[in-house]
Amino acid sequence: QEIKDITLRQFGTGVSNLNEVAQKVKEDLGFTLEMTALDSDAVTQRAATQPDSFDIADIEYWIAKKVWPTGNLQAMDTSKIANYDKIVGIFRNGKLTPDSTIAQGTAPHTVGFTSGPGGTDFVAEESGWMTLIPTIYNADTLGIRPDLIGRPIESWAELLNPEFKGKASLLDISSIGIMDAAMVCEAMGEIQYGDKGNMTTDEIDRTMAIMTEAKRAGQFRSFWKTFDESVNLMSSGEVVIQSMWSPAITAVKSRGIPCVYQPLKEGYRSWGGGIGLSSSLDGMALDAAYEYINWYLSGWVGGFLMRQGYYSAVPETSKTFMTANEWGYWFEGKQAVEPITNPFGDVLAQAGEVRDGGSFEERMGKVACWNSVMDENQYMVRKWNEFIAA
Amino acid sequence: MNPRPRSFYVLAAIFGLFLLFLYGPTITIAILSFQGPEGGLTFPMRGVSLHWFRDLFQEQAVGDIWGSFGRSFVLGLMVMVTTVVVSVMGGLAFRKRFKGSAVLFQLVIASLVIPSILVSLGVGLIFSQAGLPVHWASSGFGAQLTWTVPFGLLIMFAVFNRFNPAYEEAARDQGATAWQTIRHVVLPIIAPSLLGVALFGFTLSYDEFARTLLTAGSRNTLPLEIYGMTTNVTTPVIFALGTLTTVFSFVVIGAFLLTLGAASRRRAKAGSDAGRAV
Amino acid sequence: MRTGQDLELIHLTKRYGDTVAVDDVSYLFRGGSYVCLLGPSGCGKTSTLRMIAGHETASQGSIVLCGTEVTGLPPAKRGTAMMFQSYALFPHLTVRDNVAFSLKMKGVDQAVRHKRAGELLELVDMTRYADRLPSQLSGGQQQRVALARALVTNPQVLLLDEPLSALDPFLRVRMRTELKKLQRELGISFIHVTHGQDEALALADEIVLMNNARIEQAGPAREIFNAPRTEFVARFMGGHNVVALPQGRFALRADSVRLAQNGTEAVVRAVEYQGGHVALTARLAGDQEILALIPEGDFYADPKSPGDAVRLAWDEGRLHRLQA
Amino acid sequence: MRTGQDLELIHLTKRYGDTVAVDDVSYLFRGGSYVCLLGPSGCGKTSTLRMIAGHETASQGSIVLCGTEVTGLPPAKRGTAMMFQSYALFPHLTVRDNVAFSLKMKGVDQAVRHKRAGELLELVDMTRYADRLPSQLSGGQQQRVALARALVTNPQVLLLDEPLSALDPFLRVRMRTELKKLQRELGISFIHVTHGQDEALALADEIVLMNNARIEQAGPAREIFNAPRTEFVARFMGGHNVVALPQGRFALRADSVRLAQNGTEAVVRAVEYQGGHVALTARLAGDQEILALIPEGDFYADPKSPGDAVRLAWDEGRLHRLQA
Amino acid sequence: MRPQRTRRGHLASRHVTGWLLAAPLAVVLLAFLVLPIIMIVVVSFWTATEFSIVPAFSWENYEFLLGSDVTWRVLLNTAKYAVVTWAITVVLGFTVAYFLAFHVRSQTWQTALFLLCTIPFWTSNIIRMISWIPFLGREGLANSALLSWGVIDEPLDWLLFSDFSVILAFVHLYTLFMVVPIFNTMMRIDRTLIEAANDAGASGFQTLWNVVLPLTRPGIMIGTIFVITLVMGDFITVRFMSGSQSANVGRLIQNDIGLLQYPSASATSVLLLIVTLMVIGILLRLVDIRKEL
């Protein structure tokens, strides 16, 4: 059997399951990568219950907290990963720079390592066995339509500002949505959380009470669950302020609609994604999978994703696949010197514009919390259901 | 022929509005599919072009429309054939009023009314607990059958309620075996209804979402794929797909009606002097 | 006078759940005769015929055709053929293919079976229509095709369930002549179910009159009409009065009753013109109704209307004693 | 002899696309008479009746009832009522509610309409069944209910489309007596569509015989039977031979033909027993077929079989000259 | 073929061939309906961790489910959607079926108009659902049309992401399920009954109310069964069209599934199953489906 006969089946959400990546894999590595895009619920569900239906899972770190203990994924030997040392600190020891504080929530490094091959636990330090290889990550904040709002927005608290009644929206993925809600409540000064990533039942109750009241008052136009919904809500003018993902804002902008990724004084809510290997993967296919991971971290994909507004786990390697202008704009937060385009050729920014939120350090250095799975997760889910049904 | 009463025009207007309502989304889709390359899924229109129709035949950023279309199509055909076969056999069986048929009938009704997500969940659970791999052609196929087969069966009930058993007796009288009776008499006579069952089975399967959701396995059917595509920026390309589907359906149905018309005209011609003699 | 072609029913019974549709019927149908099974609705005619055809299993008893017990055989193995009430022509097959159907089932070559079908269509004078579909034929034409289809298997007995009921009266009379002619030419037995006594009288060599799942009376048509055994037979065959006299009940043919100067007093109730005759219903003292069939000429020489008083007379010799 | 109750059709025409179903028919139905519309299938009887009822619009011409032009009026405003062939009883309503239906439509109180329905059920002798559903009635009973329902509106004209065709022959004869009786009692017009000439003869004061969308002949029943105007009438009414002689075509009643020692030579073709008579069909030289209706006694004194040579005779005076 | 086959033999063969013919049907239903439902019932008594289900008997799921007022609120909401959708589809479906059955005269036209109604259903439901946003949204076709006609001054918000839009989508999706059985029953109404009513002086509306409607009841019942079950089991329409702002039972189940809470999802499913079967059970008492087809 030759490597070009191998087919690896990868699934994930449409965020990173891009066909261009598969094409490039075919070109560079010779084997076939089959991409299946699913919605986020289905991703979790498949990773947790159908280990035979995939070879590579492209999931988020907080989901790993649920999926890893099932044993459906296998630990990865860091020694086989060429660029391991160049992976940003966030995914290794939690610190962007040696003196950063670690944000609240399920920080990626806390679920990034396991005790060894076959392990279903998490260990705090770099054990040499990784659960997921980080791929992309970003910091999220509120997206706004400056043309329809017409004034500066500085705080998460604005989401519940009655001024935007019927024109606000929130993410309806409970684990993430509650974080945004917590950011809002904290910004309003209503609640002081011990750890937003791991709330007490009391904190959950109070958060949901505030949100429920706002919902009943008609604050929200809609909730969204998929990337595309958030884009449509924003670009159709249904909503002028909502919690949003950075590339979604980019997508709205690429249609020529003004939309701002609004840095806020309370900081960002952040997330990271990574790829894991199915435990049923072995032999040549496993070798191919390692080859794929190494390739993934070697820069091309990083550049490709960075151009859409994500960050690469190994920025250094990506740099070689980007122009100085691009690197300056996307990573260093500098003014563009020429028009900036996304990988599909759509112009996103003209010369002279700067990226919202600034440089990599400015963004990722101001993470207030990570998407997470709480100890009181089940309780939180039920409360969230109540909120939706209210 | 009597002149049409006033109520006809009122009802015709209501029917027209109903059609307009049914086609509302279809029309929106059609309009939006002709946007320029900057177009999104919402109004206002951004340019006018055939860009998205061209794009439909190229690879998308996310997902594999034609691959999943192929799977949906194959699955639709599998479901269609199975539905026709199973419901014809079932329809024949129920005419025999065998012991236990009442219970089986209750099950058929249950299958029809049980919420789709339960079937999806249940089949998914069974497969995962039994350690079987879920696949659109196994678990997905089965889950869809719980919906199409009862429908097909109901149609077969309607058909056999109107089927004159004298045809079968005549065939038996003429020395046809049980199988020959079915093959040469029953099936040809009910063939038009079978076409209906087939069409129905295919349509229901082709657009089935809930029952396939937890049972499709590693590869998506078209509805799942489209749903999955919404986890990234979806472009008017899915509207182009919708428009193309609609045009295709019009062509198919138009052809069907023309054949029907031609057949009846041919028949009318052949029998023009029927009833004159004797 | 048994022949090799006889059809015999021996203690034949048919039950549907609690209903007894045919109750212990025994009868010998002589080969080559035209027999009508006659009786009111629900008396078991169809059930009997279908048991003979093999489309219904007998609950008890047996059926013997040409000396062979056929009770358990499938329809096509019995030497019978059936013509269905609504003809049951296969709507998707042409006239020719309908007729050739049984041959096709036997695996006969197309050329051979088309030739044979052609012969039968010739017999029923339908050659011209061989390529039509049944829906393109009139009722009478359909009937002939059905006949041809039934005869293609060379049956010893042809079974017909109300073959004429779907036709209009004009056609009905014409087709019954043709049926009778055909039976005579072919020399096989026809068993014909009907509930029209005129049809039975016109066609049958022998009438089997059923009532309540049993045979009430059987015999040549004239015998049944002239010598009804029971009141039921007399009433059902029509044209009879049933007169209650001290000596018992008697049947009196309506055409033996006449208007006379000296006779029993009666009051006219209804007058029906029937072409050659007038049917006059009158009530005698004691609420007895009498039907008189009076030749048109006689009646209109001195016409009566409902309400008129008349005198009716008949010969004592025309009274036929009824057994029940 | 016009009365105030007359129904008149004036140049009435009905077209369905290219087919002309009723072609320029004019006729005066006298009030209080029983008229049968007779004719072969497709001749336009139903179309005529439905135009009178108002269920079909006339393509041309007009309909005048009791001096009022009703051509454009809705059915219920015409003073006609219709009894449908298959009765068209509302299956979800009881017998009483069926009869009371039109009163309910008028907004009549329940008590009043039930009383009136009761009277009509009394009239047709169906009081006992008032609470049944139609499906729980026999054919004859359903017919009476349909009759009661049609009569509840006190129509001047009752229209009946083949009212007896769904009944078995036994019941048919009984019901026709009742229809006639009822018409006489009510004194209103009945227009009764049928394609059975025996039915028409038995019931009608006047027969309107249609053919090919036109009236072929109309008049009292006896006149039609005894003096057919055309060959079509003679053949359709039955019991007639049409004889071609050098002087022209003549109708000859079958009961005027007798077997005789000295008569025209003929060969027996078919013999049909008909109860009191035997219908003997024989062929004369020159392929002319003659039907002879011979009294049973005479025939069986010297029975004939198909193929026998016989001699047939008739009185010249019985020949009736046909106009076409 | 034995010449003397006994009555019993014949009977037995009827049951045997019956079951042989029904075998594929029985297998499908057993494998993909009965077993899964049993599985759901069993799992509803298990417990779950974050990531897997634990086969240990427990009432916990039901305790929570039946103890929470969310359940009841959601159930009520589900019922509300079902009832409102039913009411609208029955009126609309009846009207459309009435038009097709009684006013469209040729069968070819009936077929053609019917097929015309089905064409939109060939486009994926998801695509159609997405397209409601540009149709009903603030800047959508409906609002811009109304604005340009001067009917309204401001875009209507309640056209989208509201109970209105949910019901609208349901009506859009399921009216045809009402039309077909009603049409089927209507076509079997003897046309002379209408004439008889006419003859009795009934106006068009009186005929409709006193004759057509009662006789169409079985069709309405069958349509009702379809619509009620489809709405009760739906989860995707409610989510899309309410902008995730309202919930029905289906969504609760789907949420639980998304979070891998299978036992809890199963318990909710069992509840939904019981409610659905009860409603349908009642409806089935009012109509004999097999006879009415």
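A, B, C, D and E are the chain letters, set down in written order, and residue numbers restart from 1 in every chain.
Convention: a contact is a pair of C-beta atoms (placed from the backbone, for glycine too) under 8 Å apart; a residue touches a chain by one contact, two chains touch by 3 or more.
Here is each chain with its UniProt name: B, E = ABC transporter permease; C, D = ABC transporter ATP-binding protein.
The structure displayed is predicted, hence computed values, not measured ones.
Peer 1: Which number of steps is the smallest that gets you from subunit D over to subunit E via touching chains?
Peer 2: Contact-graph shortest path, subunit D to subunit E, evaluates to 1.
Peer 1: Need the graph distance between subunit A and subunit E over the touch network, please.
Peer 2: The distance in steps between these two chains is 1.
Peer 1: When the contacting C-beta pairs are counted for A-B and for B-E, which pair yields the higher total?
Peer 2: Counting C-beta pairs in contact, B-E comes out ahead.
Peer 1: Just give me the whole-number Å value for how far the CA centre of subunit B lies from that of subunit C.
Peer 2: Subunit B and subunit C have C-alpha centres separated by 51 Å.
Peer 1: What is the distance in Å between the mean C-alpha positions of subunit A and subunit C?
Peer 2: Whole-Å distance between the two chain centres: 89.
Peer 1: Can you give the whole-Å distance between the Cα centres of subunit B and subunit E?
Peer 2: So the centroids are 16 Å from each other.
Peer 1: Among the residues of subunit E, pick out those that touch two or more other chains and give their numbers.
Peer 2: Subunit E, residues with two or more chain partners: 130, 133-134, 137, 139-140, 254, 257.
Peer 1: Quick check on subunit C: which residues sit in contact with 2+ other chains?
Peer 2: 74, 77
Peer 1: Residues of subunit A that touch two or more other chains: which are they?
Peer 2: In subunit A, residues 40, 42, 45, 49, 232, 236 touch at least two other chains, as defined above.
Peer 1: In their shared complex, at which residues does subunit C touch subunit B?
Peer 2: Residues in contact with subunit B: 53-55, 74-77, 81-82, 84-86, 88-93, 101-102, 104-106, 128, 131-133, 135-138, 140-141, 144, 149-150, 153, 171.
Peer 1: What residues on subunit A touch subunit E, complex-wise?
Peer 2: Contact set of subunit A toward subunit E: 40-42, 44-45, 48-49, 65-70, 166, 169, 172, 174, 215, 220-225, 232, 236-238, 373, 377-378, 381-382, 384-386, 388-389.
Peer 1: Which positions of subunit B touch subunit E when the two form their complex?
Peer 2: Spelled out, the residues of subunit B in touch with subunit E are 1, 4-5, 7-8, 11-12, 14-15, 18-19, 21-26, 28-29, 32, 41-44, 85-87, 89-90, 92-94, 96-101, 104-105, 107-119, 121-123, 125-126, 129, 142-143, 145-146, 149, 153-154, 157-158, 161, 178, 203, 206-207, 209-210, 214, 222-223, 226-227, 230, 234, 238-239, 241-242, 245-246, 248-250, 253, 256-257, 260-261, 264.
Peer 1: Which of the residues in subunit C come into contact with subunit D in the complex?
Peer 2: 40-41, 168-170, 173, 177, 180-181, 184, 195-198, 201-203, 221-222, 225-226, 236-239, 253-255, 270, 272-276, 279, 281, 293, 296, 300, 306
Peer 1: Any idea which subunit E residues touch subunit B in the complex?
Peer 2: Those residues of subunit E that touch subunit B are 14-26, 28-29, 31-37, 39-40, 43, 92, 95-96, 98-100, 103, 105, 108, 111-113, 115-135, 137, 139-141, 144, 172, 175, 184, 204, 225-226, 229, 232-236, 250, 253-254, 257, 262, 265-266, 269, 272-273, 276-277, 280, 284, 289-291, 293.
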